[in-house]
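Two complexes, one shared chain (subunit A), two partners (subunit B, subunit C).
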Partner chain A sequence: MTRTRIPEIGVIVAAFAIVASLPWLAGSYMVSFAFSLMMWLALTQSWVLFSGLTGYISLGHAVFFGAGAYVMVLCWGTISFWLAIPLAGIIAGGLALLLGYPCLRVRGPYFVILTFGLAELIKFVVVNIESELGQFSRVVFGGPGVDQLFHVMVGLAAIATLMTYVVRRSRAGVGLRAIRENEEAAETIGVSVARYKAFAFAASAIIPGMVGAVMVLRTTYFEPLQAFSPITSFTIVSIAIIGGGDDAPGPVYGALFLVVLQELLWANWPQLYMIILGLLLVFFVLWSPDGVHGWVRKWQLGGRK
Partner chain B sequence: MILLEVRSVTKRFGGVVAVDNVSFSVGVGEILGLMGANGAGKTTMFSLIAGNQRPDDGSILLDGVPIHGMRPDIISRRGISRAFQIVRPFAGMSVLENVMVGELFGARQEKSTTIAEARARDIIGEVGLSDRADDFADSLTLAGRKRLEIARALATNPKFLMLDEVMAGLTPTEVAEAVAMIRKLQSERDLTVVIIEHVMGVLMDLCPRIVVLHHGGVLAEGTPAEISQDARVIEAYLGTGRDSAA
Partner chain C sequence: MDALLSGQLLLAALVTGFVYALVALGLNLIYGTMRLLNIAHGELVMLGAYVTFWLFTLTGVSPLIAFVVAMVLGAAMGWAAYRGIFRSAILSTSVVERLEANSLLLFFGISIILQNVISLIFKADLRGYQYLDNVVEFGGIAITGNRLLVFGISCVVCVGIILFLRYSIFGLAIRALIQNRDATAIVGIDVDRVQAISFGLGFGLAALAGALISTMQPISPFMGFPFTIAAFVVIILGGLGNMTGSLVGGLILGFLETYGVALTAPTYQSILIYGVFIGVLLWRPQGILGGKRVAR
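Up next is the complex of A and B:
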């Protein structure tokens, strides 16, 4: 059994502390690159906490990101954004409990399609509310500076990473993985599967909600089709597939890989990006379902024997 | 003293009556054999007791308390455990982690993974899988998986253990080892066991009392000697001369 080790937690915290010091060490290009990296890392770690451990593949995590963003714009001008960010997380978590109630009763492809469909449904509900209100996109001016937002994002990525790391090694993590491997057997030997799935789903929505709220402040505008874009969900799943979805290191490899790929290709050959990403997904799904983290672990185990 | 009592339980699947008005009881510390041809309703009976299925009629009592209609995880915490006929290991987890699930979530509800791990290692030793503890469950042979199935069921710390054809598909040597293992576990852990087995010698050997199911109902009940002499049982298993000629 892999267990939680204090030195490992120390390494994780130190690594994020180094990333957080980038604004003093590197230029604005590096900071914006790291911003994007931290955002995808926070989102994918949260996704792994639920989908990676339970095997219920959520294709609707964009809805939590979008809901968080929407909470931020609605709160804009009423309460401090320092309060609005955690509020966005709480509302995203509550939304997950609500959505989980119907969704978590089905497994496999049905769950995937249901989460995707409900996320799209909520997107169009928000689009219609906004057009009824006569709002086609909202602008949010006068928020905190980039460096401050960057520190919040690094904090969210660090918390998401530690959550996945600790839960994966805890009693709850054993129960969640038992659900992934065989839900009926897990239930028969005492795992209260409904409660575990609901809590994990809610926990995996909180940070994406806060990330959405921070991103509104970063981009300074809100447009529902973009905030709730399903591309966010697809990208999260792609990162988890490439990096590996069973433990905290996976999203780190996956997010690094994808963000570097985006930087290289978007600058020079933007039309190639989707083609290469598609080929990579086919490769990993068919030949390396455990992702980059799977290779690393195999290599470590091989070295020990 | 009666530990588990099944009272007039009926279970239908559409038009098929899988279990038809079945009653029997199991005493504390007993090893009861459950016998019957394919489709007699043995595995369904286990599913009803474990809570994987709900009876349409009748009641099931553990220590005099009704448990039918409860969720399987609640029933597991009350001390009933089940090894599946078709083994269901957590394939992507190690043998050790498989067994830990039972310690952490079964009757004992152990909160510490360290203690659960130590206890799980003991149980893995008892079923003879110590050298495979850190391997993935799907790397085990069928005999190994059957042992794992028993270990995981035991790890929930049950009072009442149901073993469903845990010896099917094993070689005679493996069967002999498994019989010795079950007898040892039962006496050391004060278990009450109900065992379904097609290997007749095993039931005759292990069980002082046997219940025979046939077409969902109880056909006979008695000692192995009585059962093997019972005309109805012989007819159900071998058919009468007329049936076999037809």
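Up next is the complex of A and C:
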């Protein structure tokens, strides 16, 4: 069993500390690039914490992102946003517990489409609530500056990465992976399957909720179709598959790769970007299931021989 | 209240129901024979709609011919997808559950690719054309010619496919595959070929449904997903792998949707469909008509 090593945690923290110092070192373009890198990293690490370890593939993580964003706009003007961000995380986690109770009994492909369907349902419910309220898009002005938000985002990405790193190496992580390999066997040897799954699902929703809240402050507006967009879920899954594996390094490779691709293509050729993403997903699932992380590992092992 | 009891609404529900049944039959065929849930199914509906739209508006080909062209193209795509992607996925994945999850990701990738290729070529806005939009009246019920045509074709094709699967030797092979995969191979049925044909037939039916739909409503590159979800609802209602169940499920959903929207408001349509979808999935994943045969 791979163990948690204090020096490795030190390296992770130091790396994020360097990223966090970017506003003093580099220009605003670099900061906005790193901003989106940190956002996708935080989202994907959280996804891997649940889906990577348990094998229950969630295509609905956009719902937690959207819920967090919605909490932020609803709290706007009543409580401080420094309180609203953790509140968004708590509510997203609570939502996951609530949804997880019935959903996690459903397995395999049913779970996958169920998460997607639920995310869409909640999206349309919010769209209808907003139009009943006469709100079509809400604007949030006067939030904290970009640099401050950037530091929050780096913090979230660091916490998400450490969570995946530590949980994967913990007793709970072994239990979760046992569920992935054989749920009945895991239950037989005493893994409390239902509780493990529910907690992992909730834990993987908290950070996306907070990321959603931060992104509302960053973009300064909220529009439900966009906040709950299934493209978010799709991108998270693609990053995780491209990065590969069920451990912390995978999402780092995946997110780096994706954000570079996004910078190159999204502004001018959004469709082409989505097409390439789709092709990459098919390629990695079929021919390289261990992802970029797998390539790196193979290369490292080859070097040691 | 009068409006709810009118023949008008009844006929509208039947049209929607048969179209849903047609879409669902194709999805169910692929699920039944290979246990692969095709979430790109709605994108085939969308492609069929675009083929018909394109042939009719650009070259003036009658939609009646375009229906056939769309179906053949869809079938060819299904066959190619099976040969090019899914056969190797099946051969290379050892664990059945991982194959199911992986194939879902593959279909997801394909659906994203198709949506964006079409929106790259045709732009993302709604498009439509007029065909047979004269109003026909009989027995006090008014209906446009195109809806009547869609009703007729989808009804005939649905019943035809069900009878074909029930009585032809090929249908027997497909049903054998649905029931027991290993035994099918042992009695000498060419499983690979049957799977390729079910893929072709499944994709073809979806494309045909899309071609029919394009005569009634405006089309867009992102129109497919609601049909995928509707088809899921239908096959979960009717039982996975159960073809007659798909027809019944399609009609149930058609009625639920038409009357549900008539009672509330059109904005609730998506909530209604997704709500039924989630309710059924959580309540009875083996289907209302599913009986003993459990989903996996």
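The criterion applied here is as follows: the second predicted complex is superposed on the first by the 294 of 305 C-alpha atoms of A that agree within 3 Å, B and C clash if a C-alpha of one lies under 4 Å from a C-alpha of the other, contacts with A are read in each partner's own complex, and residues count from 1 in each chain.
As a convention for this text, contacts are C-beta pairs under 8 Å (C-beta built on N, C-alpha and C of every residue); 3 or more make two chains touch, one makes a residue touch a chain.
This structure is a prediction, so every number in the text was calculated from the model and none was measured.
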Original post:
Touch check for A:Leu277: first (subunit B), second (subunit C), both, or neither?
Top reply: second
Original post:
Just subunit B (first), just subunit C (second), both, or neither: which does A:Gly190 touch?
Top reply: first
Original post:
Hey, is it subunit B or subunit C that touches more of subunit A?
Top reply: C
Original post:
With the two structures laid over each other on chain A, which partner does A:Gly175 touch: subunit B (first), subunit C (second), both, or neither?
Top reply: first
**OP:** Please work out whether A:Leu121 is in contact with subunit B alone, subunit C alone, both, or neither, and reply first, second, both or neither.
**Re:** second
**OP:** Could you list which residues of subunit A make contact with subunit B in one structure and with subunit C in the other?
**Re:** none
Original post:
Considering the complex alone, what residue numbers of subunit A touch subunit C?
Top reply: 55, 57, 59, 102-103, 106-110, 112-114, 116-118, 120-121, 124-125, 128, 131, 234, 237, 241, 271-272, 274-275, 277-282, 285-286, 289
**OP:** Note which residues of subunit B are touching subunit A in the complex, please.
**Re:** 50-52, 71-74, 76-77, 81-82, 84, 88-94, 96-97, 100-102, 104-107, 109-111, 113-114, 116-117, 152-153, 155-156
Subject >> Residues of subunit A touching subunit B in the complex >> reply: 1, 3, 169-171, 174-175, 177-178, 180-182, 184-193, 246
Subject >> Sites on subunit C touched by subunit A in the complex >> reply: 37, 39, 85, 88-89, 92, 97-98, 100-106, 108-113, 115-117, 119-120, 229, 232, 267-268, 270-271, 274-275, 277-278, 281-282, 285, 295-296
